[in-house]
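Chain lettering (A, B, C, D and E) follows the sequence in which the chains are written, and residue indices restart at 1 in each chain.
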Amino acid sequence: MSETKYLLFLGCVIPYRLSSYEISTRKVLAKLGVDVVEMPEFNCCGYPMDSVNHDLMLTLAARNLCVAEKQGLEILALCNGCFCSLNETNKMLKEDKELREKINGYLKEINMEFKGTTEVKHLVHVLAEDVRFEKIKNAVKRPLTNLYVAQHSGCHLVRPTKFVEHGDDPENPKMLKDLIKLTGAECVDYQDEARCCGNPIIGVNEEVPFEMAREKLDHMRVAKAEAMITVCPFCHLMFDLNQPRIEKTFNEKFEMPVLHYPQLLGLAMGFSPEELALNTLRVKPVKLLEKLRTN
Amino acid sequence: MTYEEKSVSSKFSDEIRHRLGGETIAFCYQCGTCASSCPVAKVTDKYNPREIIKLSLLGARKEIVAGDTIWLCCSCYNCQERCPQEVEIADVIYTLRNIAIQEGNVPDIYVAFAEGISNEGRIVPVSKFAEKKREEYGLPPIKPANMDALRKILQATSFSKIQFKKGEAQ
Amino acid sequence: MSEVQEKVSNVIKAKEVDPKFKYKMSKMHGAEKVMLCFQCGTCTADCPIARFSEFYRPRRIARMVQFGLKDRLLSDKALWLCSNCFTCVDHCPQNVEIAGIVRVLRNLTVKENKVIPLVYTVLASNLLKGGYVYEIREMHHKKRAGLGLPPLPKPNLEDIEKIFQITGSSNLLKGVETFEKVES
Amino acid sequence: MSEVKVGVFLSDCGKQLSKILDFDAIIDFVKNVSGVTYVARGSEFWRGQGLQTIVDSIKTGKVNRVVVAESVSKISEITITKAVEEAGLNASLVDVVDLKDHCAWPHRDAPSEATEKAKAMILASIERVKLLEPIEKLEFPTLKSVLVIGGGIAGMQTAEDLADMGFEVHLVEKESFLGGLAARAVRFFPTDDCAICIQSPTSDLKTVTNTSRKCVYRSGFSEIPNINILTNSKVVKVEGVPGNYKVTIEKKPRYVNEKKCVGCDLCTTVCPIEVPDEYNAKLKTRKAIYINTPLVYPPVYVIDAETCKFNECAKCVEVCPTNAIELNQKTEQITLDVGSIIVATGFKEYDPSVIKEYHYGEYPDVITHLELARMIDGFGPTNGEIIRPSDRKPAKRIVFVQCVGSRDRRWNPYCSSICCMISLKHATLIKEAFPETDITICYIDIRATGREHEYYYEKAREMGINFVKGRPAEISHDPEEKVLTVDVEDELLGRLLELKADLVVLAPAMVPAEGTKELAEILGLELDQDGFFKEYNPKLRPTETKRRGIFLCGGATFPKDAPTTSLHAHSAAVKTAKFLTKGKITKYQKTAVVNEDYCGDCEFCPVTCPYGAITLVPKDEGHFVAQVSDLLCEGCGVCVGTCPVGAIELRHLRPNQISAQMKALLSVNGTSKPLILAISCSECGNAAVDSSGMAMMQYPANIRVLKVPCAGLLQVQQIFEAFKTGAQGVMVIGCKPDGCHYEVGSEKAKRKVDLAKILLKEYGIEPERLEMFNMVYIEGDKFAETARKMTERIEKLGLLQLISS
Amino acid sequence: MTSYALFLGCTIPARQPHYELSARKALPKLGIDLVDLDNMTCCAPPPLQSIDLETSLAIAAYNICLAEEADLNIVTLCTGCFESLAMANTMLKENNELRERINKILSNAGKEFKGSKEVKHYLQVLMKDVGLEQVKSQVTNPLNNLKIAAFSGCHLLRPSKLLRFDDPERPRIFDDLIEALGSESIWYRNKLKCCGGLLRGYADDLALQIAKEKIVNAKKAGADCISTLCPFCFVALDMGQLQIRAKFKEEYDMPVLHYAELLALALGIEPKELALESHKIKTDKLLQKIV
């Protein structure tokens, strides 16, 4: 009974490090009747190469768009970075004729052409706008009542507003919040929710991103969040994988479990923690699961 | 220089304004004439009179008083001469130094000056060798200062309350 | 000696200035509006990096572009501190895309100064080798199978190689000098 | 004079007041006051039936003095006075007392006390009207002609407006050509219009098409029938009064007959004398006979008397085809009779050579904006090329320096307000014409606050003009490289810069035009702290001066851009027309009058009068007495308060009226609290009392308000009189010192109060019993609170013990 | 003869006998009698002002009181001394409140500042009391061939509001007095800028950079020597050249002479009487040019 069908764009980080995100996403989407088609061929979305050469990024992204166009499907991105570069490139090439001609000039060399017939969506958009809340609500079998979590939408899901047309408020992103509420959990407000995690510069400097992430964790702790919910592998790595190192650097304890949104939703839909790969998280959600059990 | 205080307050600038020499600080509208007139700012980015005034007005007391930038003014008065708002910049810097010294941030060379003034009444002491030389040149012997009177003056001002110790300040 | 020379350059002399630079910049994709910047400082006040680093000041970068301080800019490693969060782009009252300007400057640094942080060369070579910017090894494939995940899509390495060549990126990265860390 | 018959009309505001005040008791009380012949009660007396009652009682001869208790907030004073006059009684034999806002409402919590106070208030009013005398209506004829001083855009615009309206206008310009500063500036921001473009006359000129605007030279401006243009002229003497001025003009010779010259230019080709052309920033030379540019008005040549050799040479005379050159012309004295004078003398650039570190006047390549404007002018000395004056090579690198001598406490502390825009204008014009030019503007703040100004700034940035936030310390010259170096800190970069420049353009402060001070003296006008002509009140009475009949417009009051100047000029024209259009000034003789028997030789009142209405005139044996001009006097009474011998009085508020009111107000107490007399001015002070009542703010009824035109009228002896009459405390309430309606009144009153405090102490009376307060309408709460506090203060001091003398 | 109380200060008697000798020999020749007063102490210059402004005003005022008691105006050689004393003198004369405050302190030492005397720099005395013409007429050995880079130092001119010596942006007095000796006073870049001398001792690197630029500018403009008035400037530029040589490996060999020395030479006083050997940059070549 699949109504919706997307070309799944996994990106590089998820297969490399965060299968948990992929596993939980696939499980949840299948149950919600969303059909995902694997990319027939793949290359990096281009985002990491933007700093090297802007044209390179545009062409790499456009190549993926061409693949999707050929399939006649919209792209579903799980990663904020992939979403940003694919979506931005898609919008720019559609609007800027000169730029399109330039990039198509490159694409011609590999026998492709950007036509501008597809769209790029992030998992959050697909759930909130295509699957719809009603359906998700109905799929929730075990509401996560009495659970307090904090959302971190990440930058590229909402900014630059010029290219993100999904009507979310970049100063106070609501979409993810609403999706969290559907699971029955409470989504707490905390200071500077829309601020960056710092991950993109971790390759050249660790001090600054650690400070940034620490500040965010601190704000969430102040707001009494029991877990943090992300929708981007980069943000997740920053807060989950690096959390022990942040704790060590600043000599503080946070012990803040960081869940991918589909993991949270999956729990509410009745999947077991193991099915959702919760055991692969660096910060073990022991207390959280304990609480859900006794709920 | 980065501004590290968490909030802006006029407490420090009030303190400066009520001291001898610091009265004019609040007239500053940050035009930068002082900085571009300054011979020291030309050779180092560690010293910028405009920034010192701005930080003082913002209330960065600790940064100014404990820092070493205020000691880089060479008192040439170029800034003061050209200031369109008649801020007595060099005097403001003296005031900031006065505050710093009162709080124990005394560069070593000033400890030496202070010792000179309280022991001999001169900041450059005259050596025995120089005395002898003077005689050779036919110059009159140096007349000593009236140390008794001088000590009384120093006692009556806040000078006597200052603790001069070498190696205190960074 | 060099220490002294560096100090003398505290004053920006006219000969350091490239008055045409801003025009060149404003023709590059993403930096078109740089001349409109009136230095209000919203970008710096917004910047999550500037909160913790005293070297990274987006307003100052825009100012330096306007003034034509190309050499100083392209040798400034702080350029690589931008985290691309786009807050500055969203909030700029003059619609200047500061993050875009920084990206253009990074591109120029690679192109003209032949310098880049090590991490980017690693990512690029991974991409060329396997289509993914991270090295996906046999272990990863096995693990996926074990977890019941479908096989990963195959990369078209030929196309990627070609794209690198036609966009000039292969040449750009040839003989490029790398550094590991940027001071904050 | 016939017997005094006072009619008292008590309004209960639709029975609202009688809920608090005992009207029956009040009427009983009033009926028994001597002189009262008629008492009426109604719900309102300021219009309709109530007003008719007053009119009828006058017409039937029942009353010849009127006291009305009515809320003043209903403009009752105006309508009642008008009706009374129409009924045949002199309009000044009326007094209105406000029982609502001054009594019932602020004392609603203590009705019986309020009733007693109401009695005292009405009694005071009755006692006053009994002493009132009829005041005449005066008429002063005015001439329908205007003198406009200054032929720049402001002067031309206002002259044109007035001439269009049918006034005879004399336009006096001190230079040989019209146009002023604007003509030299070439173009205006923010439209980049030609400076010589003006609104074309709308009068019925058959020869000129009425489009929205025209170049000055083809506008037909000079052909408006009733306009008289006098160039090379200046005002040397002004006599007379508003509406009737006699002005003496000195007109220097042009040596060229304006009616004969055809502008053929032959004269300049033969003239052997060549001098630097000041008008064109000395970038070219001109002959001794010359014209500024081909586009000037009048298009007639002029001879520079300082350099011309006249009859020794006279080559121009020989060659002139129309015999227009008249070397024997002499300076003329012209007298004009005008009703009104408009000052439109404008402003000029400050001489920046005093700022020595910028080396203006020393380095030829350091110039001012006006000099740059001459280069930008296509008709100018460089034909629009931007050059370095030192070697006339093109200027490729230009640095602008803002705030040269303005915003500078050493020279001119104010912001000249237009220089930022001038720099933006010049920078963009140059950049448009010569895109290769590198332009940097060094500024402290860019002030682009006007309409469309920000777009201009945006455009400048978009064009690639550099902006450096920082004021340069020094401009130095490198003789080897032949360039200028500008030392400046770019604050936003936090770096010191050494900018190289072919040309440095200073944006000097804009200061009052040459001769402003002298003209102010001739006209008796005040200058502000910056040396500009002072407007009466910049918000409420712009373009007016304290001298009625003399108006200001354009840059004479402060540097202005062209649109604002234009607006200002139109405003002055309207004000002038309003003043003159009736052909006469009508006013009541509510003025001061001098008792010549007491007056003698001191200068207090003429110096104090804010309107210059009092002059000293010789009486017998070399003595002088003061004389009040009924035309100029505004009836504030500041002179009364100033006179040391009580020789000057107001016709409409004589001292005996004040005494009678005081006595009446303090005759009844009715409260347990000490009586306090609050002497308030009729303006802000009384408005504060009104507003506290309107808002029903409560204060005790022992406060009794005595209204005078201005607190400045108060004399020290009157304060003593109040204490003698029974006041336990005295409050003086005036406008804020800088908002006094009569300029100096509030300040004078404060001095009286301070002096009285010293004297009180001498007499053993606590000076705390007397206090001066300054309030405005919106401070009703302050009045109520002050009244309460003053009462507490006096209560603490206890009963005042006066040794009766 | 006009008599002045000579205020020597600290540095000159301790370190620069050549300055003191030349002044003591030249000035009396022009009719200026220099009186040495007892008990004079430090002038309270910028370093002391940096420690405490009030203290330095009191010390400066104390010195002026001594002159007031001796009924003499003060003449200084050092511009630093001139600045501190003249500044204090003007401030205390014109600010009643401040005068009372300082007099309260001085009363402890039995002194009272009355404000009856002037503080002058010896250039002022030469210009006003002696007169340019008189100086010219006394020159027996005109220094005709010299191009001199005059460097007055900051504290002769600034703060001009209090010192009132000369126009701070276009000073003439020093140049006129140099030209009175027969030499040419040349213009060089940044002539009026500071020598950085006061940074010596705690920011030597900066001080040397600033001094170096001054010497380079004078050299570029063709100066035979730099003439100074202030012992601190002298050290910065004379001794400074040795340090510049050590640090920058650059040699300028630019003699630095106090104006008093030039004056003494022009008035015919023998070089050997002037202790010129205490200069670090040798003056021999320059002297040859004169003789």
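The criterion applied here is as follows: contacts are C-beta pairs under 8 Å (C-beta built on N, C-alpha and C of every residue); 3 or more make two chains touch, one makes a residue touch a chain.
This is a predicted model, so every value here is computed, not measured.
*Asks:* What is the shortest path, in steps, from subunit A to subunit D when you may only step between chains that touch?
*Replies:* 2
*Asks:* Find the chain most remote from subunit E, comparing centres computed as mean CA coordinates.
*Replies:* Most remote chain from subunit E, centroid-wise, comes out as A.
*Asks:* B-D versus B-E: which has more C-beta pairs touching?
*Replies:* Answer to which pair has more contacts is B-E.
*Asks:* Looking at CA centres, what chain is most distant from subunit B?
*Replies:* A
*Asks:* Roughly how far is subunit B from subunit D, going centre to centre by Cα mean, in whole Å?
*Replies:* The computed centroid separation for subunit B versus subunit D comes out at 50 Å.
*Asks:* Report, in whole Å, the distance between the mean C-alpha point of subunit D and the mean C-alpha point of subunit E.
*Replies:* 55
*Asks:* At what distance in angstrom does the C-alpha mean of subunit C lie from that of subunit B?
*Replies:* Each chain's C-alpha centroid was found; their separation is 45 Å.
*Asks:* Would you pick out the residues of subunit B that each touch at least 2 other chains?
*Replies:* Where subunit B meets two or more other chains at a single residue, that happens at 41-45, 78.
*Asks:* Note the residues in subunit D that touch 2 or more other chains, in rising order.
*Replies:* Within subunit D, residues 357, 469, 494-497 contact more than one other chain.
*Asks:* Could you list the positions in subunit A whose residues touch two or more of the other chains?
*Replies:* none
*Asks:* For the complex, give me every residue of subunit B touching subunit D.
*Replies:* Listed in rising order, the residues are 27, 29-37, 41-42, 45, 48, 50-51, 78, 82, 84-86.
*Asks:* Under the touch definition given earlier, write down the residues of subunit E that touch subunit D in their complex.
*Replies:* Residues in contact with subunit D: 167, 169-170, 189-190.
*Asks:* What residues on subunit B touch subunit E, complex-wise?
*Replies:* 19-21, 39-40, 42-44, 71-72, 74-78, 80-81, 88, 90-91, 94-95, 97-98, 101-102, 106-110, 113-114, 116-117, 121-127, 130, 133-134, 137-140, 142-146, 148-150, 152-159, 162
*Asks:* Which residues of subunit D touch subunit E in the complex?
*Replies:* Its residues touching subunit E are 356-357, 476, 478.
*Asks:* Give every residue of subunit C touching subunit D within the complex, in rising order.
*Replies:* 10-14, 19, 22-23, 35-39, 59-60, 63-64, 66-67, 94
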